[in-house]
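Next come two complexes, and both contain chain A; in the first it sits with chain B, in the second with chain C.
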Partner chain A sequence: MEMSSLGGIPYYILEFGDELVYFSPYTVSLFLLALVFTMFAVMAKPERQVDIAFGGDAYYAKETSLQELRFRRFMAIACGFASMGAMLTGDIFNFTLFISLVGICNVGIVAAVKNRHVQNAAYQYGIVALSATVPLFGAAALIAATTGTLSMVELWSSATPAVPLVVKALLVLGVMGEGMAPFYAAKAEMFRAPGAPYVIMCSLSSLLIFLRVIEVVLVI
Partner chain B sequence: MWQEFSIGVLLVFIAAVIAFFALVVEKDDLHRLLLLDLVEVSSLGIIALLGTDLAEALILPGLVVGIAELLALSQIYVIKEGFRDKVVQGLNIEVIQADAPLIISVLLICYGVVLSGFTGGGVAGLGVVFYFMARGHREHFELLEMASGISWATWIFAFFVFMFIPEYWMFALFLAAIGILLKVMVKLSLSATIWGDGNE
Partner chain C sequence: MIGYLLFAVVFGLLLLGIHRKVIARIQRRPGPPVWQEILHMLKFSFKSTWIPATASNILFVGVVLVAIGIWSAALFVLLAGGSILIIFGIYMLHKIVEHGFGLSSGSPYGKFGGVRSVISAASEIPLFVSVAVVALYTQSLEISSIVQYQAIHGPLLFIVPLAAIAMYIVILSKMPFGPFSIVESKELVSGYKTEHFGVWRAGLEICNGLKTYVLMFMFITVFIGGIPIWWMLAGMILLTVSLSFACAFSPMLSPFDSVTVQMLITGVMLGYAAVLGVIA
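Here is the complex of A and B:
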């Protein structure tokens, strides 16, 4: 498939040795989305969970300690940076590395809440994320083995042999594993208050990496 | 060559399937954590099968990501199971409390310096990790961090020499090798102290 028909014609391709970054309308819009939400994570204040005492009209709000707030915010911002990198990179292996970085940051975001259920969910998600590195890195290595290059610019030209369908499937499988965070966050009921609003970065980064991997799989 | 690569990939995938199967069957969280290491190794195996210098360049970040995830998961496990309050103060074994850690660490560090580069850093770092784990630690983190920062700067400086004055490549090569050796060693030794001495 032609590059120009899918993500739009790239404005600019930055090549620096092996490193390759490209700016097409698609990648730039995804990048801006990640940037805006990272800004939100920088500015946002943590949500307080309100518990209502049953049978009376009393209620109390749980405080988030400064240390916990800092850690969560740091993880959300790091996750934002990792997804920005994953949106712009034009190198398959860098792409998989950024994706696994998103996975690690999501583990951190989920695990920041000191609650046994949440910790359990974070642990399960960490196992999934770590297992997903097998198809993820495996796909990148197999792409390098079958075509001899990792650069997406080379791969979308017709000079290189086509990437086998199995390898593309492996890549998607790996991204699915890393992008499972919202499922586990929902399982631990984190969207209501314990992790809010930083947990939104989990959803956003998963959405973004899914959107990007579709483009990657279609163009290579 | 293709023949051998295909057989290798097949073997690695069989190993991965076995590891995944073990992960599904196993119910104990700690054992799962240990099994994850097997899974991780098979992902590195696929990359290593490329057998070029590109593979070496790819395996290092892959390894780092794997170690980072394993460390994160083990931290979560420690918090989840409430082991955080139990302070680890060196191993209570007679051989460890004698001079063995010192001798083994010195040997590993010497060998690491001979190897130099990333591998050397790994080997020497292992020696330091072993020493800290056996002895507990009272060292100054600022000092370690400073050494790490300076070696990183050395490494970057060597890269600039490569780019702008390539005729001094030999000098740059030695700088980069020493820089990455110290950097990896310090990083690894910091990971040995991650369990802390109870005052965090």
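Here is the complex of A and C:
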């Protein structure tokens, strides 16, 4: 399959030796979405989540303290930058670095909330994200070992040996582990955390890295 | 192009109106007129608008613009014969938009609508399998190439019927009043869109119109091929009516059942794609 028939004809490939930044309609679309939601994280104040008090008919609005807000906003912005990097890079090692940074930032966004249930969810997510770094970086190392390059454009060309299927599976497994945040939605604990612009960054970054890894696996 | 965009919004809303009408007639109710959704959009455009006191203001408004923006982009990618992978990405990102709608208001109803939107992410995987199967046969994800392939080999609907069924189920999961419509079920008032009213709701209606038009157009283009616009519009109406029958005859599942059924469908589709991959 042609590289241009996956995410559209590349507009521009910016090369720094073996490393490169890769602008195609697909990667640029994903990059722009990461940029827009990062801007939301920069500018938007967190909502005041309305909750019901047990044992009565009272309700109250949760407030986010300034200290917590600053830390989570910082983490959300860092997560946005990492996502933008992961969308544009054309180098497998940089891709895995950005993905692991997304995982770390997602843990930070959730772990800053001073609530036992939310912190439990963050702890479990952290363990999954940490474990996922093994297949993630392992896949990058195996790609370098089997093909001699980490450049996606070179990997696509028929001149380099094919990447083994099991290595592609390891890469996907690593990305799935780092982007586990949306699956924690099912636990609901994460959503006890107020701060929509930051919580959304968890889901968005995870979704974006899933979308990018599909293209990466098809390209290499 | 602006004219076509407006046409797509109006026709998409008309399809949603037909959907409501068909369901009502099956249930022996008169139902609203077919242009009811267009009237809704116009009505909300001129109603008083404000932002709830508990909301995250910029996000509350921003997601409406993002919703319209991504589906407008999807329409242009579709018309330009661009990559189906971009439309797939936009479809998945719609989850984030729903999530943003729900969480930004601070309302518990919106929040649970948003949470349900994320937990039903399993419904997107059959779309990926469907795209993968199409790519396996056509060796391209460019819509123009897929259309060319069908001009030579005939509609993909007959070549890979299970992939077409998978995409049909994906579209079904996005239709209102369907078995998988857990994000806006009645126990959550209107789910993720509960707190968006006035011009924000009008924006959401525009997004729904565009989304319906793009999904129907994509289904016909990918599985039947390039056909004249009048046939395309007639095909979209037929597809809507078939979806309305599916919605009217099936109960809305509980969130747990909805996700379980979607996971089962995903498993079957992954098996199908694996078998096709081995044969190819």
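One rule holds for everything that comes next: the second predicted complex is superposed on the first by the 201 of 220 C-alpha atoms of A that agree within 3 Å, B and C clash if a C-alpha of one lies under 4 Å from a C-alpha of the other, contacts with A are read in each partner's own complex, and residues count from 1 in each chain.
To be clear about the criterion, a residue touches a chain if its C-beta (ideal position, glycine included) is under 8 Å from a C-beta of that chain, and two chains touch if they have at least 3 such contacts.
Quick caveat: nothing in here was measured; it's all calculated off a predicted structure.
By the touch criterion defined above, A:203 lies against chain C but remains apart from chain B after alignment on the C-alpha atoms of chain A. Contacts of A:45 after superposition: chain C is touched, whereas chain B is not reached. In the superposition on chain A, A:123 makes contact with chain B only, not with chain C. By the touch criterion stated above, A:138 is placed in contact with chain B alone, chain C being left untouched. Between chain B and chain C, it is C that contacts the larger number of residues in chain A. Touching of chain A by both chain B and chain C, each in its own complex, is seen for no residue at all.
Interface of chain B with chain A (complex): residues 5, 9, 12, 16, 20, 23, 29, 32, 36, 39-40, 42-44, 46-47, 49-50, 54-55, 58, 61-62, 65-66, 68-70, 72-73, 75-77, 79-80.
By the touch rule above, chain A contacts chain B in their complex via residues 93, 97, 100-101, 103-104, 107-108, 111, 114, 116, 119-120, 122-123, 126-127, 129-131, 133-134, 136-138, 140-142, 144-145, 150. The touching residues of chain C, counted against chain A in their complex, run 53-60, 62, 66, 70, 73, 77, 82-83, 85-86, 88-90, 92-93, 95-96, 99-100, 103-108, 111, 114-115, 118-119, 121, 128, 135, 139-142, 145, 259. Of all residues in chain A, those touching chain C in their complex are 1-2, 5-8, 25-26, 29-30, 33, 36-37, 40, 43-52, 61, 182, 185-186, 188, 191, 194, 196-197, 199-200, 203-204, 207, 210-211, 214-215, 218.
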